[in-house]
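What follows is a group of structures, each given as structure tokens.
In what follows, subunit A forms one complex with subunit B and a second complex with subunit C.
And then the complex of A and B:
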């Protein structure tokens, strides 16, 4: 067992912001999300956070752990020494709802704009709307939060949608990608990326958006007219 | 998010919290770019002393012989070299090559910048 002090950014756009520290004791094999749930269950039921699957599949529990974009469900408490203070903050570059919760609608809208036709195979059987999720990407928004260019322009498509667009062009499966393709080379598309590489560094799903953006640049530059 | 102020946008570019090599490299790239633009403006302003005659120019030269300007030269050379060398790194990464090597490439660019800056300052001092 180890004891951690979770210092959480609390509040909302209307209530203001302040840090509140909670002490939690967790098994060594626990993850940060377990600590947050322990606070919600036993200390403060007003704590707002998003979560569902607990195994890096749903992409809901993205937050900044000590400043770094992480999925709380796969951030082991064993990374931190006993008694350490761990700061939890909501993702950057999204509208703040409250506490650790943000509104990821801007990301989902941009994913929609590039018209992704893919599903991961294991979702095809059960999904009511197959074809709504770009393969490995779990739409957690970590890359959008870590990207400094997304932070300076809401119009920039951002890493995850551009990675999806690259995949769409690489394997269109008879989908007309001309509209999405035009979006990708617009002033708010691939040329706006400044290769800060943070998207690839924080991605928990190995999507490697920066490589995909580079591929798109080569595609736009060298493709046969 | 939709109503960002200019200061919020600028802060997003230089928000160093939680950044690793790529993000730090990005911030340094912005800062050195601004530094080089400021230097260029200062350089052109100082050159106007030439139009004000030999005494004005000699006075300016006397001023920049102060050891402080060796330090300023070192900062300028560092900024110039970093911007150029990291620019090559960013160009390679921007075309989708070597994204997994971006961190070692950053440290390589940074180390080369430091080595060349030290060599350049040593040369300036030895000439001095």
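And then the complex of A and C:
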């Protein structure tokens, strides 16, 4: 077992903001989300946070853990020494709902503009039906929070939507190819990226948006010739 | 003017009911205390059952799964991994279930194809090489959050209104009739009243608490927890089930970049307080290792537990635990309990949430005189991203 002090940014746009520290004791196998659930269940039922699957598939529990964008469900408490204080804050660059919860609408609207299908073809041998699996991007928003350009302009498409666009152009699936191409090279598309590479750094799903943006830039550059 | 139906809970049940009632012409409001599909639904296995799991023990559930599975493939094709599943026999005891399983599948209308161990290993090279047989069935994988979002997005396009982070704290009465709910907006800490012609309790394992709020002493539902353990990497393309009686740790679901093994079953008092028992993590990994040996060394990715709202068919006598509780569902009209206008829909499985909503919609339709038939079998679901369009 280990004891951590979770220092959480509380409040909402109407209630104001302040930090509140809770002490939780958890098994060594636990993750930060278990501590947050423990606070909700035992200490403060007003705590707002988003979560669902607890294994990095749903993308709901993104937060800044000691300033870094992480999924709380795969941030092991064993990373922190017994007695440590861990600061939890909501993701940046999204409308704040309250406490650790944000409204992911801006990201989902951009993903909707891109139109990346949720599932992709997979190599499924020997089946009458085509096989498929879900795309890797879980639309968690960590990259949008970490990206300095998204922080400076809400219009910038941002890392996850651009990575989705690269997937579509590489593997077009029932989408308007010319519309997809136009979106990526719009004034709010790939050329606004400053190559800070924070997106790739924080992505919990190895999507590597900065690599995808690089690919898109080469695509647009050489396509003209 | 259309009747106003207020639904408590935005898990797979509440969101499917919202979709069903919106299509029948009701004005629909959904109230959810947290985020959509954040509890029982969010932490389920993500297995779109072929019905195979229930083929030997519960023919009714098996047939219902088979029908809904085929239907959901048509209604939400983009939201499913149509990667099918295998039931695998590892030892001689497993093998004794082979014929019963095949018969059960035939009876329930589940397409089942037996493979030789060699064929199975060609399809799934990480399977236990000692397997004795494998039977292929049309299981699928869904993402529970987006599954519910697709129902809700479609309901919204049909006029439904959704309030998240809004908790029901009391009912509003007119005599013996419920005429609305009092809610707390958790973002502002302000209370307000939402009027309604009828209220649907779709609060899953919290359904008992909602019932008590309306003065209903006992709701025939037992919150029953189960654990899920995820390891890194997809160790199979398909769902891998153990061919045996349904038990602990006998299903592996590839989900995104993980493989998820589950589950167990124990009755809990408070669905808000379910610590993960550390010994069950090892139990799950051991079970997973039997089916896919790589589970022994694969790095752990995530662990969770959530309560399922299982129907208690023994109300009035007897005591049952966990797995003996039915996986079926039931709808209750609480007019008989002195709460006119209140309905509960409890139990069931995410795979069959559309069918559950259809049954509740039929009951609500009969009580209210709304004769519009159910249309959820024909209307394809919108993309989950449409939820965020307005």
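Convention: the second predicted complex is superposed on the first by the 206 of 225 C-alpha atoms of A that agree within 3 Å, B and C clash if a C-alpha of one lies under 4 Å from a C-alpha of the other, contacts with A are read in each partner's own complex, and residues count from 1 in each chain.
Convention: a residue touches a chain if its C-beta (ideal position, glycine included) is under 8 Å from a C-beta of that chain, and two chains touch if they have at least 3 such contacts.
What you are looking at is a predicted structure, and each value in this text was computed from that prediction instead of being measured.
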Quiz item: Does the superposition put A:167 against subunit B (first), subunit C (second), both, or neither?
Solution: neither
Quiz prompt | Of subunit B and subunit C, the chain that contacts the larger number of subunit A residues | solution = C
Quiz item: After superposition on the shared chain, which partner residues are touched by A:200: those of subunit B (first), subunit C (second), both, or neither?
Solution: first
Exercise. Applying the touch criterion given at the start, work out whether A:52 contacts subunit B, subunit C, both or neither, answering first, second, both or neither.
Key: second
Quiz prompt | Touched partner set for A:108, first subunit B, second subunit C, both or neither | solution = second
Self-check item: First, second, both or neither for A:31, with subunit B first and subunit C second
Solution: second
Quiz item: First (subunit B), second (subunit C), both or neither: which does A:10 touch?
Solution: neither
Self-check item: Footprint overlap on subunit A, comparing subunit B with subunit C
Solution: none
Practice problem: Provide the residue numbers of subunit C that touch subunit A in the complex, in ascending order. | Solution: 34-35, 37-38, 41-43, 46, 78-84, 122-123, 141, 143-146, 165, 186-189, 228, 230, 234, 237, 254-258, 260, 270, 272-273, 275-276, 278, 281, 300-304, 383-389
Self-check item: subunit B partner contacts - residues on subunit A that touch it in the complex
Solution: 64, 66-69, 92-95, 106, 146, 148, 150-154, 193-198, 200-201, 208, 210-218
Practice problem: Could you please specify the touching residues of subunit A with respect to subunit C in the complex? | Solution: 12-15, 27, 29-31, 34, 38, 40-42, 45-46, 48, 50-58, 60, 73-74, 97-98, 101, 104-105, 108-109, 111-112, 117-119, 122, 124-127, 129-134, 136, 138, 205-206
Self-check item: Touching residues (chain side subunit B, partner subunit A) in the complex
Solution: 1-2, 4, 9-13, 15, 17-23, 25-27, 29, 90, 93-97, 99-100, 102
